[in-house]
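Several structures are given next for inspection.
You will see two complexes here that share chain A, one where it goes with chain B and one where it goes with chain C.
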Partner chain A sequence: MARTKFFINLIFVTSVLVTALALLAPVSLAQDPDYDAINRIAQKMNCPTCTGINLADCRTQTCAQWRDQIGDLLAKGMTEDEVLDYFVNQYGTQVLQEPPKSGFTLWLWVLPVLMIILGAGILFYTMRKWASPAAAPETVTVTPGPTASDDYLSQVEKDLDFD
Partner chain B sequence: MEQTLTQPKTTSPLRNIVLFGGLLAVLALVAIMAVNLQKRESVDLQNQQAPDFTIPLFAQFEQDSVTLSELRGQPVVVNFWASWCVECYKEAELLEQAWQDYKDQGVVFIGIDHLDTEKEALAYMAKYGITYPSGPDMGDKASQAYGITGVPETFFIDKNGNIIHVQIGPIERAPLYTLLNKLVTEPGS
Partner chain C sequence: MPNIGYVAMTLALALALYATIVAVVGAQRRVPELVTSARNAAFGVTGFLTLAVIIIEYLLITGHYQTKYVFETSNRAAPIFYRMTALWGGQDGSLLFWSWLMSIFAALVLLKKWGSMRIMMPYVVAVTQITVAFFVMLVVFVANPFEQLDFFPADGTGLNPLLRHFGMIIHPPMLYTGFVSFVIPYAFAIAALVTRQTGDLWIRTTRRWTLTAWLFLSLGLLLGGWWAYDVLGWGGYWGWDPVENASLIPWLVGTPFLHSVMMQESRGMLKRWNMALIILTFALVIEGTFLTRSGVISSVHTFAQSAIGPLFLIFIAIMFVFSLYMFATRWEILKSENELDSFFSRESVFLLNNLIFLGLAVVVWWGTHFPLISEALLGEKIVVGPPFFEQSAGPLFAIILLLMGVAPLIPWRRASGKKLADQLLWPLVWGVVTAAVLYFVVGISIVGALIGFGLCGFTLGATLIEYWRGVKARRKSRGENYFVALWRLVGRNHRRYGGYFIHIGVVLVAIGVVGSRFYQVETQQNLAVGESMTISSPVIGDYQLTYRGLRGGQSPDDRIITEAVLDVTFNGKPAGSLVPVREFFVVQQQPMTIPDKRSTLADDLYVILAGWEGTGETATFKAYINPLVSWLWIGGIVFILGTVIAAWPTAQEREERATAKVQLPGAAAPAGK
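Showing the complex of A and B:
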């Protein structure tokens, strides 16, 4: 009898604990922002009020607010890309660490590659020029036709002929 | 009589490509410099036509958005602010008071919330009792058009749409009211 009572109490206590955990777990999950996810997104963004500082590393109040905002948006169920899109829409593309590969900012990606290709071309051309022996200028033999000045010169030579 | 002449060597295609590429690079640099030279800072806008903008307003306002060009004929005070801006606190209540004093004379105040988060912006407005139209600067477009160097910055625009004064940093009561008097007394065209 005592044993049955013990089991009934055990089942009761266990069910109360399980119910309590089930009720508390979602609340605690909802209250704790996913700091890893926030940092992952923040690392892809710039501090809006300073230069060259990552949003994840910046200690200003603005950045703290922005990181909270990222947490709020993630809690609403937004994906990483959706959060980034929200910030771009709200504050412009300059919030991104990497400029988007479209429109005018595409040049920021293309130009360095073009410059490298151009530099390699100049280097190749210069080295090839240095490596090859000085090329002899191309020569052609031209036989000029008789001209008025040639007749004059012949006459002068004839007149000067002392023999 | 035979003569030996030296002929110039024909240019190689590689050389042409390199020269063309170099020319392109120089042109690109010139273009970037030209774009940078065109960028104006806010103080350069004094006595210039105010750049037009449209901003959405926070949900608490009746209107959805406000467009500067639609306010032609009325003096406009455009204040760039942010909830994280310590200097903005100093003028927040003064601006609200000035709007209360001058709104019946046709002066329009517009607050442009710069690089801010909505939750904190609304809390700031509630704390300082801001009731004139205010909204976020979507895409930072207005801030860039006005070349602001920080917040707060305030632009005083006359009835003809010209900027008569650019205030960098918080404004004091005396100069604020002097400027507002000037705005309401000057005739529009």
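Showing the complex of A and C:
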């Protein structure tokens, strides 16, 4: 019993001390930053100096500083989204790996989809135009019936093929 | 010496221009002597460019540092191997290399096809030589590799350290070869348009050249991925970097071309479409070269901004407008000989495949160029990272995987519903069982991964069934055993069964991509000597890494090497040790992070040394578990083998080529329209 009480007291005193220390010098407390949490956010951001690489994978000095900054913001209790918002507010949406699906960058996302839909439309229209005259004479096709033996099938396929 | 090199390039330029003009004049006025002269001039171009390449190699090997290019890409400490490959280590040299390769391909095709293709040949000479001339013009006037410095440096600054890797040594030549050899089908296509030879002669003639071009392009892409994985140290193999994309885009248009030409050969359809595709492919090859050479888009491996950009744009514009003009004026004679018989036919699946591939090309092209477009319109360069490409291209790749399984099972012209259902039944079972086993037994629960693996199972099943059906038919009719039957089956039709082999390779690559994309885990930790870190994956298991300390030294070629030693256990059992390395290139003042990995068929444990304090009392490591990555490389090898099989002439083809003329298919075309 006395042992438990001692521990509770110890924990209480320690936490008070830690809080006080944390208030006084928040940075010096951080012994080992949670790299994985930092990297999770850094992966969603661009390296500010070199293009084509994300912040988490970049080994330059600038990127290391940015990552430290993410660590500091996390230590202040910010969530992932808040950290990202912080950087977007400071530097604009260009810091994000994934351009937002709104505003001008919506075109980035939408245009290929529109092109594919347009292509599908043209393809469908063309195919229907091609297919319509052949639709009537059903008997003309050379497709073997389902009763054909395997040998016959492969022979026919060979004829249809081009060696 | 450098002057001789420069003169050789200048002469090559003059001869290439001469060949272009004389070939066209000779063909128009019907003067065979002029055409022959043009051909010989084209051989001369190859000769002079070869001389120029030999001279620049001599300067690189002997260390003639007064030559600016040698000074910038080589140094005394570099091993002779890297001095030689410095030819493609910088802008000027790689452009010369490019021109040289293209002139070799042009010369080869002139040697091999001269006798059989008399009518088209002058235009083939003209198209290839004007393209060569453009690139030689760049090295003569803008990016001269023989430029001399006005001082005498004792040593060079050395090759970019990132390029000192075996993959990097062979990756550019492969990619360039793939790029330049697409000029051959393009030249024949244009020649066919000009001479109004609208049959499939140009396609048959260049089929093997196109496959070869495609083979090298694929090899270049695979080797690029391998290099990135091995050297760049970010745990991945494909970063959607603009330069990677620039080589992927022509591949995405060339691949449907390889498929849709089958429809022209067997059914006389899609003549216009195939023309359009090959023109587009080559235009994208040139545009891709422009992107990577001009520095308009910055990337890991573009060379510095240079003046060649505008020239490139002019060339692309001229080429494109000329091709379009030819295309438009021949529109009517490129009419399809056949109609589409049914929506349920291989033709339809091929058309759908074309649509999706082009959709992919649009996605990648648009994402790659969006920074330029946003800069032009808004004045700010918006960076488009991997998330866009993954989200947009991922579903399209999944559809390709599906179509790859369906197409071989569905017959040309028309499929009956019942037969199709019979054919699709077993592959579907394979796919569903694959997904179910992975879900219930292995514990794969991410929907995307289940769909991906299920599609892999479906397509693999469908492809293997195709082999099985052929083998069974041969066994029944010829009484051969399984191995002989398989051997002869493939031997009789390289194109078809080599093609299916490629499909199997693609499925294996897809397995690697899906596994590593959805189930990669990573962690980063700071360790003191003797301390351990754990990285665990729910589907693979747990690795424990124990830091044993740093060791280091200086290599003879001016690198400071720092190695960290880590002991590894896998699920509690010892699994060797890993030595990730940090190298510092003194001359270039550039660090390099080289990962070490433990590869198995199930997964790769991939570790980099991110940093250290003092003399290595503590060090920071980043570790990844990349599931199934080995299948990517295995699939790549299968893929390449399949392409070689498909391109290899069969015994019958060799005979035919010796004697008969090529027959025109689709003789009994229905009189529709």
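Throughout what follows, the second predicted complex is superposed on the first by the 103 of 163 C-alpha atoms of A that agree within 3 Å, B and C clash if a C-alpha of one lies under 4 Å from a C-alpha of the other, contacts with A are read in each partner's own complex, and residues count from 1 in each chain.
Here, a residue touches a chain if its C-beta (ideal position, glycine included) is under 8 Å from a C-beta of that chain, and two chains touch if they have at least 3 such contacts.
Predicted model only: the values in this text are computed from it and were never measured.
Asker: Could you look at A:M115 and tell me whether it touches chain B, chain C, both or neither (first, second, both, neither)?
Answerer: Both partners.
Asker: Counting touched residues of chain A, say whether chain B or chain C comes out ahead.
Answerer: The partner making contact with more of chain A's residues is C.
Asker: Does the superposition put A:Y125 against chain B (first), chain C (second), both, or neither?
Answerer: Touch partner of A:Y125: chain B, not chain C.
Asker: Contact-wise, after the overlay, does A:W66 reach chain B, chain C, both or neither (first, second, both, neither)?
Answerer: After superposition on chain A, A:W66 lies in contact with chain B alone.
Asker: According to the stated criteria, A:N89 is in contact with first (chain B), second (chain C), both, or neither; which is it?
Answerer: first
Asker: After overlaying the two complexes on chain A, where does the chain B footprint on chain A coincide with the chain C footprint?
Answerer: Touching chain B and chain C on chain A: residues 92, 94, 111, 115, 140-143, 150.
Asker: For a test of understanding, state which residues of chain A touch chain B in their complex under the given definition.
Answerer: Listed in rising order, the residues of chain A that touch chain B are 48-49, 60-62, 65-66, 68-69, 72, 88-92, 94, 107, 111, 114-115, 117-118, 121-122, 124-125, 135, 137-144, 150.
Asker: Touching residues of chain B toward chain A in the complex: what are they?
Answerer: Residue list for chain B touching chain A: 1-7, 9, 14-15, 17-18, 21-22, 24-25, 28, 82-84, 115-117, 119-120, 136, 138-141, 144.
Asker: Applying the document's contact rule, which stretches of chain C touch chain A when the two form their complex?
Answerer: Per the stated touch rule, the residues are 233-235, 239, 241-242, 262, 265-266, 298-300, 336, 339-343, 348, 351-352, 355-356, 358-359, 362-363, 366-367, 370, 374, 377-378, 380-388, 392, 396, 411-416, 418-419, 422, 469-470, 472-473, 476-477, 492-493, 495-496, 522-526, 591, 593, 610, 620, 622, 650, 652-653, 665, 670, 672-673.
Asker: Inside the complex, what are the residues of chain A that reach chain C?
Answerer: 32, 35-36, 39, 44, 46, 50-54, 57, 59, 92-94, 96-99, 104-105, 108-109, 111-113, 115-116, 119-120, 123, 127, 130-131, 133-134, 140-143, 145-146, 150-151, 153-154, 157, 160-163
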